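Shared chain: chain A. Partners: chain B in the first complex, chain C in the second.
Coming up: the complex of A and B.
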């Protein structure tokens, strides 16, 4: 094992980089969801991990049990995620919008626990293996590198998701309203923006992204299991790595975390991988809580 | 009256079954851990989701000290608390810089790190399989094998911690801590070193939780990583929320409710007149966690002072309604002159 590691050359490093970018895309999607909720409501969504979990399980049911077309499933997962976000805002966020941050965290953790266990009741406690996406039977060789088509799917869908979100935030009136509310909620209200609607939209977008992330990553890992908290911590690590304040930096943070994770797994240790990543989170929180790319903390 | 209470308490385990004794012991152990979190949440308002890790550090330290180094339990228990407190101090350093959600996330990460290390470092901690062969303590050559004798030990420790805590909060340090809670800036302006007190409370909280973990290890005589999962941190949070943050009895009440609730549910699952489906549901741990989660949400939103305060308010209100005593509350609204 050790000799193998010493012989590791450029090809292996590149291979690790590819898998890092793949996982990083998922973290970027999760981190972007975090970012959107954070800028528009100043709430850290502790229930985000469970949304990712549910996205994967929902996709599993639609594809395996109902045998729907893959693209239809993708659209359905996005749509259900979006609707669920609006409902989530209505049922969970509205009552706790004005209570202290401590109570908000406790409530969101409670919601996360409830949904995690509902998932365990419906789909069982063991992780399920997700069927591969279309046209991804055979790995694609590029020189000595091997590219899994699933990675291409993940990277492609991530980029599409990120681009659409960027376009919604920057190019549409809804996005403008979200950004205005994020900037100054009172001023936004005075300008006639319905901030409740903005909140719903922000949650809709964030949870749709989260659900899609869950579905896209599932063929590479598994769907389900008690994974909500680890996903939550990694998504948070990605967004804190880049910095909470800007959308691009949270995306960059996601990719950076994915690459670091994959390099750490390949070069240091897979067994202690989670401990390494979490220690990294603690270090960043202590030394640079505003993120690597942000200039200041608001 | 109090002598009578003590007498009942001493006789009680002899009168009832082993099952009841085990429930009371668990309530005692969880009460100590919940008191640890209550100290933190109630005095400085910091949320720690790493309590399960401190509990686990206490349990593993005590178990390893007694089995590998064959140390006496009476030394190992305080040592376990101190080791947990050392880790609490280190994690507490982050708590000085971080607040609210960031601190919650940092402590959550700490719990994950603890779990990964316990699961992977197999030759030291027993890995996923856990540690076996932990012994019950000896008291002057008399081993506390029976459930009742261990019950006394647990409640004695709880009693000590409870009174230490109460006196601490009434002392000079306690007033300083309470000023930090009420207004951090004003306290700092008066020369109180805010971050030092925050760190002290965090360390103390870890110490209590570590002692609870040590008691748990010697009670169950087997420990594995499953007992120290993040779910336990959340369950502790639920205990404190139900009992009421800053209520000195909050931890005990919350622990009692959380230990008794599954017992009540599984008792209900034996009732033959209920449909089979519902009886199955009542026995499943996942359903218990769903119920806890809903309970936590409802209490945090509608009764932020805790279940106890809510009940007592409600009783006070209804007694005023029916007895017509006292003119506070809604009756005074009518007479505005």
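Coming up: the complex of A and C.
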């Protein structure tokens, strides 16, 4: 018989949830970017992890070497991410737009590796210590729980990212154009939509979100390192988990993945954590392949 | 003109005869070649970069002092990038093409295992700075210049048992080979002695180690042995500990004995204890030799264990070469005769049966005060 004693009391479980939501927020931002690209262009951006890396490093340089104001740095990182997105579309995506998905993935992985190593050349191979965000030096005690201000930043910025994305997609002309292109690229072109612009915009938004994610995780861990592929896998997993139907599903998928990791580690086992997470994912995909939060089949 | 032709012919023949004998001019241009295989990027980056610098400095110092019996040492470096495949390619190339007579490497346990097999096969002595247990077992050409795992386990175990007199302890380790081996080893030492042990594992790429701390706190451990390295995830672990307001004392493995770890952990590392090879402020003569040379050559970099490993590796080979020259097998024989050599890592005494050579006095305890390592009296 399997005997399982709950290892933790409620307070500890809530603490686990807090840290799970924090990490989940990062996954959510990465998944959102990944999702936007997929929904707009049908491309699985396997180079998405590397913009997260660059976001953290650019933020580091702007904050530590140029000593700019934090909010200015945040806006700059978003802008630079957006510009990278547009350039990325022109230089990397355009040539491989009509190629088979398998080849696209390999090309994108290659680009990811190249940029990861360019980052290592510029910033060095070792991780860098990132200064804390404003008002984030000290944890906030709530009774016996501890809330990190950085967690609030993560959740806050994730929601801001989601809101802006929803607004662009639903409330602006270019957003409508993106959705039209996603629906049927030929029809969109026939309607006079410049699909190159819609692709650029989609990548711009996605990479801006990715760069912001990189900056937001860095005070908790560090900037730099060889994190592109691991982050990509987490973001991709979160996307699949939540479902590719709507931006909200990716966000929820990200938070769920973070919470799953935290709870599994705390309540079940740290030794078999990876195996447990993968098994749960397989189970979810078997039972609901369109993702947990999707309302229709892809 | 017959006499001119004969003259030229004679000079030609004499030159050939001259070349047959080893002219001193030609010998001085030959160097002692040592192959160095390390990882300077990725997870083992801080280790490999430090080891490479230590080795390069040792080469510089020895050559500055006239080399080995007048001949210069040459270090030929290959980066294995933490990949056993690249490591084995590198060692084959170094031995067959570059004709090195000795190898120093690798930074990680897995690559060290792979290349040691080849060194053993090709009968070239290799010194490894990786603490892989059983690396030198039944090997005639493989040496280790970092302390055996058993020494480290004893040191930590004694800290729990004799210094702190704790009964319930935790092991917080990453899932690298180093972390898994050590955590298993210390557990096997502690349990027969009546300790209650709680283990928690984290990923070397973890961005959050809070669940593990919550588990250890729940299990009421009196102290935690933090194993992993060399910098990233363990630094995050200490930050999480501080953020959660957990004050369980920590003793850390010597892999974390480096400046990058202190930089990433920041004030979260304050007050932790660490097992260390370095005797901060109570420097041994071997350590001082390295420290003074580094102060002169690279004043911005403070010496750590990894520099010491590279430094000692080259010196051990050079000492052997001084006595026996360029033959790999004879170098191995001479290495085995090393007795009480004061290196920067510790005092080495090798023998045919013991290719590790470092005794229990190699390790000491240090603590972190105001962002610096400080020696603790036992």
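Keep this in mind: the second predicted complex is superposed on the first by the 266 of 298 C-alpha atoms of A that agree within 3 Å, B and C clash if a C-alpha of one lies under 4 Å from a C-alpha of the other, contacts with A are read in each partner's own complex, and residues count from 1 in each chain.
Going forward, a contact is a pair of C-beta atoms (placed from the backbone, for glycine too) under 8 Å apart; a residue touches a chain by one contact, two chains touch by 3 or more.
All values reported here derive from a predicted model rather than from experimental measurement.
*Asks:* Which of the two partners, first being chain B and second being chain C, lies in contact with A:148: first, second, both, or neither?
*Replies:* Only chain C; A:148 stays clear of chain B.
*Asks:* Is A:61 contacted by the first partner chain B, the second partner chain C, both or neither?
*Replies:* Touch partners of A:61: none, neither chain B nor chain C.
*Asks:* Output check: A:217 vs chain B and chain C. Expected answer is one of first, second, both, neither. What do you get?
*Replies:* second
*Asks:* If you stack the two complexes on chain A, which partner ends up touching A:129: first (chain B), second (chain C), both, or neither?
*Replies:* second
*Asks:* For A:19, using the defined touch cut-off, is the partner it touches chain B, chain C, both, or neither? Pick first, second, both or neither.
*Replies:* second
*Asks:* If you stack the two complexes on chain A, which partner ends up touching A:195: first (chain B), second (chain C), both, or neither?
*Replies:* After superposing on A, A:195 lies clear of both chain B and chain C.
*Asks:* Give one of first, second, both or neither to describe whether A:230 is in contact with chain B, with chain C, with both, or with none.
*Replies:* both
*Asks:* Which partner does A:139 contact after superposing on A: first (chain B), second (chain C), both, neither?
*Replies:* Only chain C is touched by A:139; chain B is not.
*Asks:* Which holds for A:120: it touches chain B only (first), chain C only (second), both, or neither?
*Replies:* both
*Asks:* Counting residues of chain A touched by each partner, does chain B or chain C come out ahead?
*Replies:* B
*Asks:* Which chain A residues contact chain B in one complex and chain C in the other?
*Replies:* Residues common to the chain A contacts of chain C and of chain B are 120, 125, 230, 271, 274, listed in rising order.
*Asks:* So in the complex, the part of chain B that touches chain A is made up of which residues?
*Replies:* 41, 45, 47, 49, 93-94, 97-102, 104-106, 108-110, 112-113, 116-117, 120, 230-231, 234, 237-238, 241, 284, 286-287, 289-290, 292-294, 296-297, 300-301, 304
*Asks:* For a test of understanding, state which residues of chain A touch chain B in their complex under the given definition.
*Replies:* It is residues 44, 46, 92, 95-96, 99, 101-107, 109-114, 116-118, 120-121, 125, 229-230, 232-233, 236-237, 240, 271-272, 274-275, 278-279, 281-282, 285-286, 289 of chain A that touch chain B.
*Asks:* So in the complex, the part of chain C that touches chain A is made up of which residues?
*Replies:* Answer in residue numbers: 40-43, 45-46, 49, 199-203, 205, 207-208, 210-212, 214-215, 217-218, 231-232, 235-236, 239-240, 243-245, 260, 263-264, 266.
*Asks:* In the complex, go through chain A and note every residue touching chain C.
*Replies:* Of all residues in chain A, those touching chain C are 7-8, 12, 15-16, 19, 22-23, 26, 120, 125-127, 129, 139, 141, 146, 148, 217, 220-222, 225-227, 230, 262-263, 265-266, 270-271, 273-274.
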